[in-house]
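Okay, so subunit A shows up in both of these, paired with subunit B first and subunit C after.
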Partner chain A sequence: MAEKQPKPEDLAQVDYRPPKKGWMDPHVDFRKGTYCYSALAKNIEYLGMPNPRDWQPFDADWKLPPNWKQIILDGMKDRLEKYRSFRLFMDICVRCGACADKCHFYVGSGDPKNMPVLRAELIRSVYRRYFTPAGKAFGALAGGRELTEDVIKEWFYYFYQCTECRRCSVFCPYGIDQAEITMIGRELLNLLGLNINWVIEPAANCFRTGNHLGIQPHGFADSIGFAVDELEEITGVRVEAPINRKGAEVLFVTPSADYFGTPHYYTLLGYLQLFHEIGLDYTWSAFAGEGGNFGLFTSHEMIKRLNNKIYAEAKRLGVKWIIGGECGHMWRVIHQYMDTMNGPANFLEVPKSPITGTVFENAKSTKMVHITEFTSDLIRNGKLKLDPTRNDHWNVTFHDSCNPARAMGLFEEPRYVIKNTCRNFHEMPENTIREQTFCCGSGAGLGTDENFEMRMRGGLPRANAVKHVHETKGVNVLSCICAIDKANLSTLMEYWVPGVEVAGIHEFVGNALVMKGEKERTTDLRGTPLRGKEAAHA
Partner chain B sequence: MALMESLHGRRAAILERWLQGVMETYPAETGRFFTQVKDPFANPVGATLSRELAVLCDGVLGLAKPAEVAPALESLIKLRSVQDFTASQVVSFIFFLKQIAREQAGEALRAAPMAAEWAAFDARVDDLALGAFDIYSANREKICDIRLGEMRRKIFMLEKASRLFDEDPEPGGS
Partner chain C sequence: MSALYSLLTVLVLILLAYFGVAAAHLGVLFGTVIPFAAIAVFLAGLAYRVVKWANTPVPFRIPSTCGQQKSLPWIKQGRLESPSSTLGVMGRMALEVLLFRSLFRNTKAELRDGPRLVYGENKWLWLGALAFHWTFLVIFLRHLRFFMEPVPRLVNLLADVDGFFQVGAPVLYVTDLVILAALLYLLFRRLRDPQIRYLSLFTDYFALFLLLGLAGSGVLMRYFTRADIVAIKELAIGLVTFSPVIPKEVGPLFFVHLFLLCVLLAYFPFSKLMHAPGVFLSPTRNLANNNRMKRHVNPWDYPVKVHTYAEWEEEFHDKIKAAGLPLDRE
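Let's look at the complex of A and B:
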């Protein structure tokens, strides 16, 4: 029998309301712009991970291994036994709803499954069905769900729509950490070879060359050398940028985007100026040329594998301690995992600034100091000659990058550096900064080109707060201390708040720093004429 | 004129129904959140919808100037252009006004002699919808430009280095 044809008057009856469906229905539409492409087989193979093959999320057949269900259930059992936090988070939620409207993806998209409580329920319902007596006996009545291929697809969709920013956990009265639930969800998906290329390729590159971009040591040296040349043109000062130098006091590790992308590059120029000016005895490493660790978005084992190079290089080069650059998730790894995974680094010394004598007690165990801690200590002790008027063309606000803010509580040091290098600074509204900061919408590997619409939705709450200070205070630059932020916030501003640029904090330091022997500065590091120096520059 | 005057008197009710209709284009749980949370930084979507719909409503009723309506339309369509909607769903909410106005106008104003005034009212709604579609298209084109710019920023050093080579060719090179 032929399919029933609608009459013309039926066609005019369009209901624009979305169809009602319960949250237990796992079906997901993979609409272009809202998901990331799958990992290439060669990258999965390189890392020795399971089930390398060609597939895409929009394919009907995801080519799962025949025993996929057992793999997931065994994987859950293993992790429930291994991580007490995971078991606790599965059992403890009382569905109070405190987290529900705190996720930037939910706030921007309105998709209920982006409420942290529901995102967790996607996996919790399977836990109930297979691991609790009530769920085993009563199934859906006890909140349990059968594990089906559609559930796996739903996990993939929503666990790659969580940036592991942990804003929701700030509001949870029980301290349930959705980032850790997402991490376990992704680990389980990885057991079936379900991963995204934007995470796995950088991880594979990192494993091979030490950085996300796969840049080899000579390429690394070229990039740094290029920056040194350009800096000389701008400042008239030739700085030293030692690479792989054994016996240096300090190893400096920063994200690779700093020496390859923009606006990150101007932050790199700032680091180079600063270290030269204070005469720091330091070295770069062409092998630990990446602070970022995409293992954090893959599995705990991968975090450890990729993080290992930092201490290994510190040992090989014989340094005393380490400074880390402006990076986001790198600091979650350093602050919360490195010490137990690859430490204790007893071969290193407790960091002590050779310029000020300050001992960084907070880094006594990891031996790794955040660059804004280091720089703010220099400023506080009057060791830098700064001319903040050189940043007068900037009207600054500061985005607390999720991981430095929520994973290590770094709130004051970046602000202290900004306020000493810039004269125009305005905070965004209170409920969008510090521990309540809104994510850029692209962390945890989601900053892909193909995921553009989802990123714009997730980034809306942050952009909305920037728009407010742009319109009311004339803010024209959004500063941050995270490489993913610098990449994504630039895009976010272009769409939501045109007229606002993005910058790293050490770009401001570089602009303001008065160097010994410098020529008269007429432009900032970007080549923009300084206020009052337009004629000189022309 | 009688129609417009009557609708001016029903402005609050029209706006309320319109806002409710737009909220219903989002999942039910979310419509409640968008409506109830008043802090514009905790709920930017809800705040944008209620703020800009009021301006658009005034625009159609002839109570706001085109210069006020344009940015409100831009802001609202920019938001819906990246949400989970098809192109027609992005702009569909504007047409809701036709039915809402008729419901609110009452029996007498819906009678045949008012046909010309209704046609004029509908034309104002259609103009708004056409403007919305232009903004939607411009946004989608802008997204393509932004994506291209983003790709270029990621390989900034490569581009910078290649430009250097262009400007400083090898001796004897072409």
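Let's look at the complex of A and C:
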């Protein structure tokens, strides 16, 4: 964050008046703070993707291949024939504008090209010009637009100003999903070697080492080992955390941020406590050590390439089924893509909780269960001894992460866990939660420092809803089930709503969980003294 | 500007038909040739587009879930907003197609000082759209009386209900008022709202002006110029029985009405009006949220380059060993 940051009161002055020039003018001003830096050549090369080279978005010359136009048009044709979604969404929009103020980037920036309808028109206009009879015959009159280098730059700017959160698709009368259009748009840009490093480096790392940060196996083992030690200090209980163990019943996969990021780390402690306490026969994997999948922000092919490890590792280790940790976009991939791309997982068994006997019928084909589904079932069956007073210092609200909300429908499970582990819980306003939840503003790979201004703009609607419950209900912690959220909401809160912390759901579980043989707990997992135990701690 | 061009285009179309018949006596062209051509284009174009969509694969099951998934038995599923069965999907689609469910969610976000974001109710677009589409359907069905002899009882019943208020002679149809009001609202909204105006294209206004012209000419004929209904019915039945006649009592205003309809029909398959059949095929709405229960198959799936465990172990062999983790190959 070397750049000078704009002040919140300045960012809050949003000008919604559309510019004088019409939207068909593609020119973009790459202003610092509103875009991400380019993908490094070494990462593109490692993944075997086209046109690795040194360039930056603010350069005049993007060093496109000489036949770039043909590549894009061929790429569009190919995808129009492969994806009904893409073809249909190019054809049926009536430009009613219902989606316009549903996008967090539009609300926060006032830039009309951030209205989902116009962001889609950026590519739709090219589709009309080159692929429809009306557009070929009448050009601009029929909404067609020439494909020029400026259009490519404009696509880059705006398709990396969309977090693929799907909120617009909830409001669209035809279900047109900008996430789908952005995904295809980014795929096309990738054909020219246009990507951002914050997406492609984690993807390359993940491909090679098994996690986004490029942590190697011994580093992975160290991180988990460190957490086990720390947990013993806090609880007095030493837990087992086996890694790459063959023959375990369950493989556990979680986003790597859980073992190297804060506040994710406290969620990791919660998982470790939980699995120990119920005596789950499970294993971590350093090879499939990443639940997140930045392929989702790159191309469908890359989703498949990165996701492949989970089933491959489950098979190698001989586990029966898989549990997945708290992560947003990971769960879009698990829920909507994994089985299709890398299944069928007929070497696994239908997930059945060894503690409660519950069969997870909803995961009978994919064989992967969300951790909040698993935990809420344990709580429902009275298998956990919980002391919610140990979370009394928290006044909680819950942020539905985009993908578990709108690509999965996971609403009640996390709430059930929170309400059983915390005594103070307040919802944010109705149209900012559940299927209408607002993105953190940094999803889909946009969480970089150089993109700070745009992230804070995009996060404004979410932050504003938190501010409301912070001021009216005294909420002091924003909980969520997404690793990108945990990273970005922390920054977002610091910027817009100081005084609100960010936490994962299993941090609350960890705090509340009464473990056999534990010592008297005086602090929570963060080392903060528990309410009423301040003296004991001192 | 695009609004003005669209208006002018529709006016030219109107004048073309009016004087084409009144001055150039091209009744056969406007009353027979063009209608047959327009219907042919409409049917062929519609079929072509829909078949093309239908033949494009759906590689992934990507419903937008707007309600609780089906998971544990004690958690109440949102059966219509996140359906996991075919029946649920049909319910969701019915709500979408008949009642514009998603549009009903519409709100208006407003950023006030503070900053404070507030979200207001905003059902006008939903109401206007619903009013237009339903009245259009009723009016279309009412028009069947011009094409059928004897007129089916249901069509007469519909007309009776529509004319329920028994105002004026001929009786005023409520739908005639509503469709004009709805179209004018949709036009007004497009022109008034700076954002919508900014993104609107020529084609957006064209569709509205065309429909306004169509409805307006119909209203003129029924309530003001009192067109010769018997003659018009003769012409209409001639068209549907493929034995066209052009009775000379049919005035030029009718040809304007018919011509605008023909333009609408011929324009339909090439335009955004294809949203009507398209909504049925939308993969974020017409697929069940049963992803983890039932595997979806991608017909064009292909093998990709992956990083295998063996490659991983080979690269990090010593480090895995040093960390005390198990190895497949010592």
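As a convention for this text, the second predicted complex is superposed on the first by the 519 of 538 C-alpha atoms of A that agree within 3 Å, B and C clash if a C-alpha of one lies under 4 Å from a C-alpha of the other, contacts with A are read in each partner's own complex, and residues count from 1 in each chain.
We take it that a residue touches a chain if its C-beta (ideal position, glycine included) is under 8 Å from a C-beta of that chain, and two chains touch if they have at least 3 such contacts.
Not measured: the values here are computed from a predicted model.
With both complexes brought onto subunit A, simultaneous placement of subunit B and subunit C is prevented by a clash.
Residue contacts after overlaying the shared chain place A:Gly357 against neither subunit B nor subunit C. Taking subunit A as the reference chain, the count of touched residues is higher for C when subunit B and subunit C are set side by side. In the superposed model, A:Arg31 lies in contact with subunit B only, and not with subunit C.
By the touch criterion defined above, A:Arg457 lies against subunit B but remains apart from subunit C after alignment on the C-alpha atoms of chain A. Of the two partner chains, subunit B is the only one that A:Asp449 touches; subunit C does not reach it.
By the document's definition of touching, neither partner reaches A:Gly382: not subunit B, not subunit C. In the superposition on chain A, A:Val107 contacts both subunit B and subunit C. Contacts of A:Phe226 after superposition: subunit B is touched, whereas subunit C is not reached. Within the superposed three-chain model, A:Pro429 lies in touch with subunit B and with subunit C [touch as defined at top]. In the overlay built on the shared chain, the residue A:Gly210 is in contact with subunit C alone; subunit B does not reach it. Taking the listed stretches 40-48, 112-120, 202-210 or 310-318 of subunit C in turn, the superposition on chain A shows a clash with subunit B for 112-120 alone. Residue overlap on subunit A between its contacts with subunit B in one complex and with subunit C in the other: 14, 16-18, 100-101, 107, 112, 115, 222, 429, 431-432, 460-461, 464-465. Taken together, the subunit B residues at the contact with subunit A in this complex read 24-30, 33-34, 37, 39-45, 78-79, 82-84, 89, 92-93, 142-143, 146-147, 149-151, 153-158, 160-161. By the touch rule above, subunit A contacts subunit B in their complex via residues 14, 16-18, 20, 31, 33-34, 100-101, 106-112, 115, 222-223, 226, 257, 259-263, 265, 429, 431-432, 449, 452-453, 456-457, 460-461, 464-465, 468, 487, 490-491, 494-496. Here subunit A touches subunit C in the complex through residues 12, 14, 16-18, 22-23, 48, 80-85, 87-88, 91-98, 100-102, 107, 112, 115, 117-118, 121, 132-134, 141-143, 166, 169-177, 180, 207-210, 216-218, 220-222, 243-246, 286-287, 300-301, 304-305, 308-309, 312-313, 316, 334-337, 339-341, 343-344, 358, 360-366, 368, 373, 376-377, 380, 405-413, 416, 429, 431-432, 435-436, 460-461, 464-465, going by the rule given at the top. Subunit C meets subunit A in the complex at residues 5, 49, 52-53, 56-62, 64-72, 74-76, 78, 81-82, 84, 96, 100, 102-103, 105-109, 111, 114-117, 119, 125, 129, 193-204, 270-272, 274-275, 278-279, 281-285, 289, 291-298, 300-301, 304-309, 312-313, 315-316, 319-320, 322-326, 328.
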